[in-house]
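Have a look at the structure below, then the notes.
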Amino acid sequence: MKKIVSPAEGISHRNSFHEHLLATARPIWGAILSHPFLASTADGTISEDVFKTWMVQDYLFVREEIPFLGVLISKAPPHLRPPLADAVVTLNRELELFREQANAAGISFDGISMSPTCHAYIQFLMATAYGRSFEQGFTLLYGVEKAYLDSWVRVKSRQRSRSPWQAFIDNWTSDAFQDYVAWLAETLDALATGKSEADRANMEELFLLAARYEYLFWEMAARGKTWPV
Amino acid sequence: MKKIVSPAEGISHRNSFHEHLLATARPIWGAILSHPFLASTADGTISEDVFKTWMVQDYLFVREEIPFLGVLISKAPPHLRPPLADAVVTLNRELELFREQANAAGISFDGISMSPTCHAYIQFLMATAYGRSFEQGFTLLYGVEKAYLDSWVRVKSRQRSRSPWQAFIDNWTSDAFQDYVAWLAETLDALATGKSEADRANMEELFLLAARYEYLFWEMAARGKTWPV
Amino acid sequence: MKKIVSPAEGISHRNSFHEHLLATARPIWGAILSHPFLASTADGTISEDVFKTWMVQDYLFVREEIPFLGVLISKAPPHLRPPLADAVVTLNRELELFREQANAAGISFDGISMSPTCHAYIQFLMATAYGRSFEQGFTLLYGVEKAYLDSWVRVKSRQRSRSPWQAFIDNWTSDAFQDYVAWLAETLDALATGKSEADRANMEELFLLAARYEYLFWEMAARGKTWPV
Amino acid sequence: MKKIVSPAEGISHRNSFHEHLLATARPIWGAILSHPFLASTADGTISEDVFKTWMVQDYLFVREEIPFLGVLISKAPPHLRPPLADAVVTLNRELELFREQANAAGISFDGISMSPTCHAYIQFLMATAYGRSFEQGFTLLYGVEKAYLDSWVRVKSRQRSRSPWQAFIDNWTSDAFQDYVAWLAETLDALATGKSEADRANMEELFLLAARYEYLFWEMAARGKTWPV
């Protein structure tokens, strides 16, 4: 089994673009990884309501991440289209996981709708994919997935007993998911090579925004934030 | 001078699509129009800080509404392109108004950045314009502008003395702006004619979301909400 | 084995939208199906050069159809995303078929570029997918695939002996491909249901344009048309 | 009055990006500028039918260039949005010119439709604007407008007597149009500064394609090319 790399190790030397991004985002990343949602999932004290709120909202997020990948495919150079198409297949399988787990937990996905944070995050993905260059959209994809890998690795590393939500924890700490995120990092580094300073600054800005939205997503789940009107 | 129509009157008979939208959104619209930001702007008790927060964020909103209109122009039928191009020219003039007023109030627009609410709202506009049909994007434009007209008309109708921010109040209650919003309503009604129930339901959903974001925008300004990380 | 349906049969009764489209396009469809490229492929008299021109251009077409599907996925309702993602996987497999056949025939795909007709056709797909509604983009997908099914079914029905290009003939007359095109037709009918007359007229216009481009594609291959400058 | 610069002069030294593009495109540019359509417009021997074909197709082209500019506005940095919005206003005025001239010449624009070349060219503009980066779309705008400036300057420089189509010749050789194209060139140079080699290669490829489509457009007009089916 693959050694679980601590997120902190990954940003110690700064000679690649993805490492630079992680170093720049370190304070936000720290806030994400120390969020009570993750700690309470790890130690089993999380309330069922809070976890179910997350399940509903993350199901909607994953479902609407597929259109985001669709636009990325449309702008990708030919050699990156097959792995991105595979990522869509993986997301479709993840939706199955959500449906199974929801079913087992007695949660219905009928008539659910997005919280403001989930809605805003998805709009951000779509607006970026459509309106910006492929490299910029891809940076966002890396941010989204890297934050999930690191968040769930953090949960797993702090677990002392099996969780009722183990299937989710295992999903985003699996070898397959780690390989995927490693591929995203490598590919991002290749895409950033030779890009102008202005282009890299735009990519960095988008990465930091993705990190901020990740933090807000845990906040939304933990506090059950909905539309005030 | 044109009689200022009370927003409530506009939704009394429901035989047009825009009236249907306003009737459906009535509770959210009520929350918007009774927001403390508007009441305190009208009676002069609004703090300078709060108003300046709004100025900075609304300047960014107006600036980034232009790309939204750009995508609408790209999808519009030929006869709607010239009036939408005129709307871009008007927004550019509005940006001038903001810069003059900011200058007069000693506010600098250097280095400003979007609050989460402003960012989310703009992402919503762009994602909709790019990803949805022209009719759906246009519905959003109507929602944004109608909310502004009604909000500032509410302020003006409650004013008992001149405001330091009179230029903004006058801008969005002017005859020209009222005519523009009336044209948006008529055009929307024409666009909705003959559309399928599913299409109209999508348009309604987007209109309600626009109303929700409008409410959140006043909230953000009033409470000075920024990124927590 | 599935009975090969003559294209003519498919348009005899006109109670569905896809049948209406085929009936409207009948003259263009006739020109496509009686194109010398198909007749000479069927009877084995096609020159190797002409077939190789087609192989190169159709490889590029299939490759660039994937971004088109990417945009369709981004605009599709949730239940249509998985089958469209499967279509991308199929196209990736088709690219493999092209590479194998090219390799066997001693054709290199290095440094190839699009003829004007192939370039124009792909631009048409992409501009439609990005700029128009999902229903309109989907209509184009149906046109592209239905024309291919009918064209290759025509070749197969006229074959008296095995072709050196049998792998292509078999690919687009397979049960799997017939099922896919049947699914496209059904789905298109469902999408058209309840659409306004104006929307259906737009869909029809796009379908006829797709048919025209299909005809031009065979012409381009048969005549080896390239950029004059 | 501004000196009309010969197109050849503009590409003598190669220290800017737009000059590099023009140098690379020189053979295609030569074919454009020596096209019989331009020569026969200059010496007055052009047939009325040929010129009218061009008028109809170019009217449609200009009309559909506005959506192209709409997408460019949506992706432009803030400081480039106002001049691009002005360009839309100019195109709307150009459409008026077409309508006046058509009216004077007894041409009706009712029921006209795009030739294959005009359709393909517009699809190319739209697909590029939506799918590619702003810099790439802007390169295309420069190519389109620079080809028109140089073509009509060539006509004007060869004229010995007033043309019945003088209004068009004057329009695209005016000081205002020359200033616009000069601004496009400068702005393109600024956009290209610091871009990666791969980005600049993509921009160059798009510029060469624009030049090829310009040549095909004159060909289409001169030969009255329409859809074969």
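Chains here go by letter, A, B, C and D, matching the order in which they are written, and residues are numbered from 1 within each.
In the analysis below, a contact is a pair of C-beta atoms (placed from the backbone, for glycine too) under 8 Å apart; a residue touches a chain by one contact, two chains touch by 3 or more.
Just so we're clear, the structure is a prediction, and the values are computed from it rather than from any experiment.
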Graph distance between chain A and chain D, where chains that touch are linked: 1
Most distant chain from chain C by Cα centroid: B
Chain C and chain D, separation of their C-alpha mean positions in angstrom: 32
Chain centre separation in whole Å, for chain C relative to chain B (CA means): 45
Distance from chain C to chain A - Cα centre to Cα centre, in angstrom: 37
Overlap residues in chain D, where contacts from two or more other chains coincide: 67, 74-75, 126, 130-131
Residues on chain A engaged by chain B in the complex (per definition of touch): 27-28, 31-32, 67, 116, 119-120, 122-124, 126-128, 130-131, 209, 211-212, 215-216, 219, 227-229
Touch list for chain B against partner chain C, complex: 74-75, 130-133, 194-199
Residues of chain B defined as touching chain D within the complex: 63, 66-76, 78, 81-82, 85, 88-89, 92, 126, 129-130
